[in-house]
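Next come two complexes built around chain A: one with chain B, the other with chain C.
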Partner chain A sequence: MSYLADALIGAVTDPAMLGLCLFGVVVGLVFGALPGVSSTMSLAVMLPLTFGMSTPAAMMLMLGVFFASVYAGSVSAILLNIPGTPGAMVTVLDGNAMARKGRAGEAMAYALIASLFGGVVGWLLLVGIAPVIAAYALRFGSPEYAAVVFFGLALVSYASSGDTLRGLAAGTIGLLLGVVGRDVVTDVPRFTFGTADLQGGFDIIPLAIGLFGVAEALSAMERAPRGGRVQAPTGRLMPKARTLIAELPAALRGSFIGTFIGAIPAAGSAVAVAVAYALEKRLSRTPERFGTGIPRGVVAPEAANNACVGGALIPMMTLGIPGDSITAVLIGVLLLHGLRPGPGLFENQPEFIATIYAALFIAIVLTGLVAGFIGLRVFNKVLLLPRRLLLTGVLMLCLLGAFSVRNSAFDIWVAVGSGAVGYGLIRLGVPILPLAFGVVLGPILEENLRRTLMIHGDWSVFLTRPISFTLVMISLLVLGGPLIVRALTTLAARRRT
Partner chain B sequence: MSPTPADETQRREVLRDLATGALSLVLAGGLAAVHFGQAGRLHDDYGREPGPALMPEILLAALGVAGAGMLLRGAFFCWRERVSPVSWPVFWTGAGGLRALGTPLAVVALLVGFLIARGAVGFGLAAACLSAAVAMILARQEGRGLPRAALEGIAIAVVLYALFRLVLSVPLT
Partner chain C sequence: MRRTALVATAALIAAAPLAQAQGFPDGPITWVVNWPAGGGQDTTSRLVAERLSAELGVPVVVENYDGAGGLAGMRVLAGAKPDGYTIGMLGSSSIIQQYTTDEPVMLDQLAVLSFFGPDPGALTVKADTPYETLEAFVMAAKEQPGDILNGNDPPGGASYISASIMEVALDLTLNKIPYKGYAPTVTALLGGEVHSATVPVPQVLEAHKAGDVRILGVMASERHFLAPDIPTFAEQGFNVVAGDFRAVVGPAGIPQDRAEILSQALVAVLSSAEFVAAANAAGYMIEPLGAEAALARIKAFDAQVYPVLEDAGLVTNPR
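And now, the complex of A and B:
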């Protein structure tokens, strides 16, 4: 603890360190708000700047970029219906619906406050009980990984607006898109139709840009609304204190879910936000209001998404395992400076571990200050643009964002194609979210399912291990429950008549 | 007696069930034909490793079942209520009817045009033309002046191109 206090005081009283973190936060906010520019890409762009820095200074800069860019993914999700990252995909449901009702300012404020809350809870758990969580996360074998991914997909199908059966079909199509390309184990091509571009499979970002951004822009182009704006004016910025307090339990639940799932390597923020959102819908007395623009639909996933930052750092710091591509870049920064994260670092350099904790805390505080005092007001101005400018700008951002992921023209084709498909799905009443989640989680599900069957021989292992058994049973209940209830209700009604 | 709005909403849902179910079945069938028709090592025996064919086969079966479920649900409603899924005028001009597709389809055509033109004239010029064209289509829809909209569209393209090209160093070609 004394190391942490020293590190915090040292960083706060050092203008150079504070300035570096502030620079990282501003860069993270701007880059993260751009569709197609992921947290990983933002970190990668900043990586060369750290070559000449001391390790603490480099971590100050990188953690500033990391936390701010994770939060900023919600900005384009709320304002433009384009989730820049998988972690922001659930935020579009209620965040953009609030923006359409003229409550964009409030939605952004809820997202910011929930993000900061989730960030702080994740940080506290990282500092306090990281080794305990890491030990529990390591008990996850391939059956548990496969089950948790299936669980996440089931919850998304259930929680998306619209029919569960259509959600199930959309999720299955997403999983099929996820298997396109060369199989990682056998190198056999699947559904590539002989084209070179499909050998590597689909990247989620161009697909998400098309499914959410292009499709939404096409929908908004159907008719010109009165007033020449896509969405109503942005309304008040800060929510009332009473309503904020009412959302506190949801933020707390989302934060714990985010930290724990974030600590499971490869599970990632996508599963965490799906679980957090579905849990709130399940606990709500008015679940039908989810997806229509309610604060809880923004607070829970945003708290979970940002708590994942602390969660993802847990296996990285305690075991040296990168939980996702972002922490892989951070490990790269440490390795570049001659440090190997893991148990040895804890024992030999506790003061450096304290510096990382301090850097993350300062990044959270600075993100709150910069986004709260400047960012919200600037971002809100976007919605005041005339409709023709906003929609044209969104389309151009979609094309540029899709290209910039891999500098590939094929990705623009993917964004345009998935935009047209997404528009068709919107008209057919098919929820898009399960499709996007299927693409993200498909490869993880397949890898762990095959590994499970190879190691354990048959499917019964999912029923003999307590964690996977529980997750599979809940998933089946979530998927089958509404269908069974509807069938029983229809039968009862027919008997009465 | 003419159908009530609630009837129309329900009928539209039935039409969506039938359309989504049929599309899912066609997709599952088509992809299954591709999958099972693929030569090479896809269907080899990999011993204890389940092999690359397992996951697609599970998913194709699931998609087929979901498609058949939606199709049956829609057909069951039509049979029970003795109605057609949705009346033609509503299908064409009602809220969300097919007549509203004009502008989105025109924009999709422009996007495909941009993708084809990009290779010949470069990203910047193609993007400026696309941006101007989309802004003009939307301005026409709103009853505003086209020349000004074209200039605004070009300005948007230039600003965003400069942001990605110069600030983010994305090689836009």
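And now, the complex of A and C:
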């Protein structure tokens, strides 16, 4: 603890360190807000800059980029309906709905406050009980992993708005799209029709950019009056203190979900935000209001998404295993400085571990300051642009973002094609979210399910292992709950007569 | 190593006026990475690119092409204009893909410029398994074929090939469980989901030092510089050499003089003490070889791996 205090004081009193972190935060905010520029890519771009720096300085810069870019994914999600990262996919639902109602300013403020809250909770858990969480994360084998993704899918199908049948149909299309590409278990190409472009499968970002962004731009052209603005003005910025306090439990739940799921290597923020959002909808007394633009639909996933940052650092710091592709770049930075993260570093160099913790904390604070005092005002100005400029700009950003994910021209066509599909789905009243989650979660479920069966031989393993048993049972309750309730009430009604 | 450096320096001095005389390179060079940012292929590329830029006096810009298991980037590389302004990093998976994919990029579509270094496979077991030595492991695998779970890449990936080469060479059968890359494989090993793994040494070194896993042997002709106390397979009486490697290539058809300039500059960068120290610190073995020696090494790998792929039933595009 005293190491941490020393490191914090040392960094705060060093203008060069603060300046570096600030630079990282600004870069992260700009890159993260651009659709298609992922946090991983932002960090990789900054990587060569760190070659000549001291290790603490490099971590200051990189953690600044890391946290700010994860937060900034919510900006394009709320304002433009484009999730720049899988972690912002759920924020689109209520965030953009709020913006459309003229509450963009508030939605952005909720997202920022929830992100900072989630970031701090994730940080506290990282600093306080990282080894405990790491030990729990290691207990997540393939069966647990398959079960948690099944749980996520069950919750998403429950959480998506509109009628269940259409939601399930959309989810199934997503699962089918997720099948395309090389199969992880056998490496056999599936549904690639002999073309090389499809061998890598559909990347979620171009798909999501098309399904949400392009489709939204098309519908907005239809919706908005000629020459006018796309959306109502941004409205007030600061939510009322009373409503903020009401969101506290949701933010706390989201933060814990984010930290724990973020700590499971390779689980990623997409699973965390899906679980956080669906859990809130399940707990809510007015679940039908989710998706119509309520703060809770922004707060829970944003808290979860940013708590994942601290979560992902847990296996990296304690075990030397990257929690996701972003922490993989961070490990790369440490390696290039001759430091090999792992149990040895964690136990023998507490001063150095403390500098990393301090850097993350400063990154969270600076993100809050920069985004809160400058970012929110600047970002919201985007909506004041005339409709033709904004929508053309959005479409251009969409295509650029789709291309830049893999430097692939094919992905531009994916974005255009899925934009057309998304527009059609909107007109038909089919929810898009289950489709997007089918694409993200389907391959993870399949891979882990098949590996489970390879290792354990049969399905009973899901019921004999406590974590997977619990998750499967809750999933079944979520899916079958309404049916059971209906059956019980009819039974009771019959008894009475 | 020192001799190579000397030769390279001499070559460089000879090449410098040549480079100026021809005006190559006089513009930015694109460095293609066929994997996403942040991985080993990307990190090594950026390490070299930065110094190559200083060496040649022109910007060297790293571009990541993700997709099709690395094939998308290789296709960009092979399809680029062979003017020396597009080069990139080649890994062992691209050699394997020649035989396992539709529309592959073949080795003869590429011009090999230099070797970067090997990344030998290693056999690691969880600390609480009964396999104290490599011999005990091999005996157990022979007694109960298919009982030992071995975590590795999906079929065709580097650590899958390492495991397969070991199986063929030692005549044993493992139950190979595929994971999407090294990090999930190591996680599964630490969590006890698999008994063993065939990932390279740097991936398991820290866990080995902490006593969570045991590295039983390195599949190389020499010990690994990061773990000099761990014997090779050969030292323990088992003749297994396997693992990943990296080399720098361009599209086939680069004019001879330009290819030479690039090759010499690369060898000079790779031989510099400063670069070797940085790369070693990051866990990468460096073996700077010129174009011809590099091509020979790649062809040797090609010859070694083809029968293994055939044996595993992975060949869809036979020779």
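Going forward, the second predicted complex is superposed on the first by the 474 of 497 C-alpha atoms of A that agree within 3 Å, B and C clash if a C-alpha of one lies under 4 Å from a C-alpha of the other, contacts with A are read in each partner's own complex, and residues count from 1 in each chain.
Here is the rule we use: contacts are C-beta pairs under 8 Å (C-beta built on N, C-alpha and C of every residue); 3 or more make two chains touch, one makes a residue touch a chain.
Small disclaimer: the values here were computed from a predicted structure and weren't measured.
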| item | value |
| --- | --- |
| Chain A as common anchor, with chain B and chain C clashing or fitting | fit |
| Contacts of A:165 with chain B and chain C, given as first, second, both or neither | first |
| Partner chain in contact with A:276 - chain B first, chain C second, else both or neither | neither |
| Partner chain in contact with A:140 - chain B first, chain C second, else both or neither | second |
| Which superposed partner A:113 touches (first chain B, second chain C, both, neither) | neither |
| Which of chain B and chain C A:342 touches, first, second, both or neither | second |
| Touched partner set for A:407, first chain B, second chain C, both or neither | both |
| Touching partner for A:185 - first (chain B), second (chain C), both, neither | both |
| Touched partner set for A:454, first chain B, second chain C, both or neither | both |
| Which of chain B and chain C A:363 touches, first, second, both or neither | neither |
| Overlay on chain A, chain C to chain B nearest C-alpha distance, Å | 8 |
| Shared chain A contacts, counted only where both chain B and chain C touch the same residue | 45, 183, 185-186, 189, 407, 454 |
| Of chain B, residues touching chain A in the complex | 13, 16-17, 19-20, 23-24, 27, 31, 34-35, 38, 40-42, 46, 48-52, 54-56, 59-60, 62-63, 66-67, 69-70, 73, 96, 100-101, 103-104, 107-108, 111-112, 114-115, 118-119, 123, 127, 130-131, 134-135, 137-139, 141-144, 149, 152-153, 156-157, 160-161, 164, 168-172 |
| Partner chain A, residues of chain C touching it in the complex | 36-39, 42-43, 46-47, 50, 63-69, 71-72, 75-76, 100-103, 149, 154-157, 175, 177-180, 183-184, 186-188, 190-194, 202, 205-207, 209-210, 212, 278, 281-283, 314 |
| Residues of chain A touching chain C in the complex | 40-41, 43-45, 47-48, 51, 138-142, 182-187, 189, 192, 194-197, 199-200, 203, 265-266, 315, 319-322, 325-326, 328-329, 332, 335-338, 340-345, 405-408, 447, 451, 454-455 |
| Interface residues, chain A side, partner chain B - complex | 31, 37, 45, 163, 165-166, 168-169, 172-173, 175-176, 179, 183, 185-186, 188-191, 193, 214, 217-219, 221-224, 228, 387-389, 391-393, 395-397, 399-400, 403-404, 407, 409, 412-413, 416, 419-420, 423, 427-430, 442, 445-446, 449-450, 453-454, 457 |
